[in-house]
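Next up: some structures, all given as structure tokens.
Next, two complexes with chain A in common: one pairs it with chain B, the other with chain C.
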Partner chain A sequence: MSLVNYATREITCKIVYYGPGRSGKTTNLHYIYSQVPSNRKGQMVSLATQTDRTLFFDFLPIDLGVISGFSTRFQLYTVPGQVYYQTTRKLVLHGADGVVFVADSQARQLDENMESLQDLHANLADHGVDARRLPFVMQYNKQDLPADLILGVPELEEQLNFRGVPSFAADALHGRGVFESLRALSEQVLRKLSNPGGGQR
Partner chain B sequence: MRFSVAAEWVELPLKQFVDEARVQLAVLLYPSGQVLGQFGFGRSVDVMTACALSAAITASSAELGRMVDGTPFTDLHYAGRDKQLFLGQVPIADGALVFLTVFDDESSLGLVQLFFREFCAVTASVVPSSNAETPALSDDFERELNHNLAVLFGRQ
Partner chain C sequence: MRLDARLRFENLIVGAGNRLAVAAARAVAESPGAVYNPLFVYGDTGLGKTHLLCAVGHLVQTLQPGADIEYVSLDEFVEQLHAAVSAGQVDAFSRRHERVDVLLIDDLQFLTGRRETQAEFLRIFERMQAGSKQVMLTSDRPPQEIADVDERLLGRLSGGLIVDVSAPDFETRLAILRAIRQERRLTISSVALEELAGFEFENVRELQGALNRLVAHSTGSHPVQRARTPAAAAATDNPFDDFLSEITTVVQHHVESWQARLREAIQYWNGEGYRTGTLERALARSEPPDVAQLLATFTAAVEQLRELEQSAVREDPALGGNSVFRDPDRAAEAEELVARALAGETPPTGPSPAFARDTYEVGTSNQLAAHAADAVVAEPGTKYTPLVIFGPSGVGKTHLLHAIGNALAAADVAVPPVVAVVHAQQFVDELVTAIQANTLNRWRGRYRALDALLIDDVQFLAGKERTEEEFFLLFNSLAAGRKQIVISCDRPPGEITGLEARLRSRLEGGLAAPIQPPDRVLRERLYARYLKALGRAVDAALLAVLAEPVVQSVREIIGVVNRLGALADARGVELSPALARAELGAARPTPFPGVRSVPRTDGRRDAAFLDHEKVVWEWPDVSARVLEEWR
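Up next, the complex of A and B:
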């Protein structure tokens, strides 16, 4: 849940990048880390295996500055995507204020995307979170790969975005769609703070 | 060195603990990694990192405890060359909070554990049963959000 301190006028929100293994969640955080000036970010922490696969999570704290008079900070997490890290994903998801689902656009990864999406909904349900009320955006990563290897956005929308949440084509390695995804999710998360009973817009 | 708290009720037990146990760093957080109050950190982003790692250690050691011992490990102690770390759970009415403290030879594990027990008791007595406050940003926050994100990403 977002933490709001009225006395010091500070807000802290937890954002989780979710999705199947190798879909580009860590790449999103690396790109954000590379763009944000050092006085507005902390160290990027990666609890990874020797081959750089995420073992527990990646973590990046960023300072968004003052919004509506509140110093606003975001904690960005990724989850490990591989199927066998189910328990870890559930732990990292705990208390999330919003989720960016990073889907792999490659046609052969469609089943993994769907499985990860189901896993996300199951984990949210286990935490007692109504997925329909959680700020959520969909990111279709790797749209820069050759057209014969990937699914187009319309097809991915039809297969994965049954809730009709905001979605973005992305090439996280070069930054396309990363900023837009974070901005759209930030807006939903803060909208919830400005209108707690109003649900998602 | 300074205190900062995200919830008013944290201030009293945290200050008492720091004064009595003579520690260098202390942070109280939710198990999800959200900070409630801290002492000793200079930058807010460093506090967030310490919280994320503390939450991860607590969650994973609890799972390890369940696996090897049938019950979760709740407290951890690590003695480094110059500094020691104590990570404990603070039971409250609807679950537990996580507490991390770092100390050197100005203090000791015994002292920390002694005052940690007092900290738990005081915290349990002052923690509100639920977060009743309703956060409210102004409706036109998007302009500032977009501006700040654009600045952050060097797009302005």
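Up next, the complex of A and C:
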């Protein structure tokens, strides 16, 4: 997928929110959706199950307007976190320009986080993507929960962020850390535009 | 020359580097002729010497409105003098300058070597001092370091006050920047000025240039900053807008980075004074060009222009700064201009291809010279400079000179060296023409740009004072640049009468290699060569006969060959030893009747050892040998 099309002067970024089930990926998108002016956003497509879990994927197109003569579009996707939607995850991940990994800060979810992270790497590898070169940020969601239920950021950093990517404490429900994550990732993605051969850092 | 109205004491920034000079200049301006006379200010270029001169002129004008102030650069002074000389009005010229109350002369260092000007200047100077008229001079070096200046003038110059101006220190630099900011009403923060002043600029012009660059950058269209500021200011409460403005910045910065790079390059090259049409056109296109490639091409084009300009300036200093050298789009024009300059004023004549090294026969008589020539070709400019080849007329000096020239010019290097082989007479003629046409600088440029200079029959320069002078300067210039100089002469350099001692000693400083009239081996070889050249059969017997008589020059050999050839043709016979003997009047007896020379049969052995004149090959009877030893 060509990120920058100089002929049509378009920039399109596909950003995928990845993470274990119920970590808050769709919540991220909902918050973004609520903040984007209506003339900027497309319809958010959300295919949810009866129990409001993401069945297939969420899709949120955002039109950032014309920047330097380029009409700039972001496409935000979420994957279904549940382990048995492996194929869907893999499909959605295809052609991603960057990944936000939404981790569940709850202490009891640590294993799920790690499993999902491994799953991400396995899927990227299947797509032939070098995970070290893919723009990537960590979001530690649900940091608003009582402190005895969750792990602190330093702990999560230690457990999950072995590559030392930018990470953000978040409360997606109220919007804390949502745009920070997206912004950090977008910057990485766009930086790659000017320096396609270069690594993420 | 008019005083520059902007250069006054009021806007002259005083710092540690120029405090003394400014104080002295003020004192001079307030009471011209009474205090330091002359006032001599020296210092590197761009430190405000001209500013001081003009400031003095303005202040004198203000204080004494009727005062006659003359402000000239030395070049103008020289030109005026030359014009006066050619119009036969030297007296008027002197008188006019004597009437002046304050004489301000800029760039005195160009007095170097201009004797007539120095003499005239000295005369004017003396009269002005006698009349208590003020003289103020500037130069880029102290008087005693200006080369070739008359002692008396030097004494006069040093008689007043000599002060120097040096590079501004930090505080002065900052003060200068602030003054410029105020004068041009620039909106540049003091912090930026301080940062800029922190760099150690050599002179004020560099400082100004840096400030200009800074101004150009801060006012130049830089959409990143412009677009960002309003968005960023408006945001804060809406995270999406905040995000959008961030993304906008990033997109502009990264997606448009090729444009940013191009803009940067355009600004840089504009700052350097080059036109950037190519880059601007690329910038206007929507497709991203290969920026690196584009910039590399552009830089190469600029480099080429620079080279062209340099070579043009070498031909004609007036071509420097021509606008075609500032526009890579007009490279073809620039090339044409240079070609025209080159055609109009070709470099001094090069070596004649007729004289090659491999057709230069070597024998004992010219062995040293030939070896020296080979050494020079192998290591031009380092081994023997100058190489002086001397010997009587017609022994092959010119041939060797051209052979060296050809070999030097054929050197296998990227830039073929410029080699000139000129006869001394031609050298003199060109110089005279240049002086007449007032193109001496161009003449100098042509010669000083040479990589090797070979001058034939240098003895012709003797007694020609101006030529010797110029040759001396040229010699020093070339020697300083480690360029090769080869000279031929009809006698050892030490014996050239009428040549200035300083020049003679320089000629003696290299290697003086003699060429003798051809020895017997050489004669044989030369006969063989010339006979072959005429398509004649060559055999050892014939050569032995031919080479027998001593000749003084190679030309004699050519004469003999031609004569014999004509004779043989007239008689319709082959060229035979008998014919040769008859024609040469071979009645000349050999010194020792018993001695028979052995024709050389082998090819190439040590020439000295095989020299027929030096080696007696057989001693058939004792009497000859005893006689030989007894001698």
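Please note the rule applied: the second predicted complex is superposed on the first by the 194 of 201 C-alpha atoms of A that agree within 3 Å, B and C clash if a C-alpha of one lies under 4 Å from a C-alpha of the other, contacts with A are read in each partner's own complex, and residues count from 1 in each chain.
Following the convention adopted for this analysis, a residue touches a chain if its C-beta (ideal position, glycine included) is under 8 Å from a C-beta of that chain, and two chains touch if they have at least 3 such contacts.
Quick caveat, the model's predicted, so the values are computed rather than measured.
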Q: Report clash or fit for the pair chain B and chain C bound to chain A in the combined superposed model.
A: clash
Q. Touch check for A:183: first (chain B), second (chain C), both, or neither?
A. both
Q | Touched chain A residues, chain B compared with chain C | A | B
Q: Give one of first, second, both or neither to describe whether A:94 is in contact with chain B, with chain C, with both, or with none.
A: first
(Q) Once chain A of both complexes is superposed, is A:73 in touch with chain B (first), chain C (second), both, or neither? (A) first
Q | Touching partner for A:9 - first (chain B), second (chain C), both, neither | A | second
Q: Check whether A:107 is in contact with chain B, with chain C, with both or with neither, and answer first, second, both or neither.
A: neither
Q) Does the superposition put A:63 against chain B (first), chain C (second), both, or neither? A) first
Q: Give one of first, second, both or neither to describe whether A:37 is in contact with chain B, with chain C, with both, or with none.
A: both
(Q) I'd like to check the shared interface: which positions of chain A are touched by both chain B and chain C across the two complexes? (A) 4, 6-7, 11, 35-37, 40, 64-65, 67-70, 72, 179, 182-183, 186-187, 190, 193-195
Q. Hey, which residues of chain C end up touching chain A in the complex?
A. 223, 238-240, 242-244, 246-248, 250-259, 286-288
Q | Touch list for chain A against partner chain C, complex | A | 4, 6-7, 9, 11, 32, 35-37, 40, 64-65, 67-70, 72, 175, 178-179, 182-183, 186-187, 190-191, 193-195
**Q.** Parts of chain A lying in touch with chain B, wherever the complex brings them together
**A.** 1-8, 10-12, 14, 35-37, 40-43, 45, 47, 56-57, 59, 61-70, 72-73, 75, 77, 87-88, 91-92, 94-96, 179, 182-183, 186-187, 190, 193-196
Q) Where on chain B does chain A make contact in their complex? A) 4-8, 30-36, 43-46, 48-49, 52-53, 56, 59-60, 63, 131, 133-142, 144-146, 148-149, 151-155
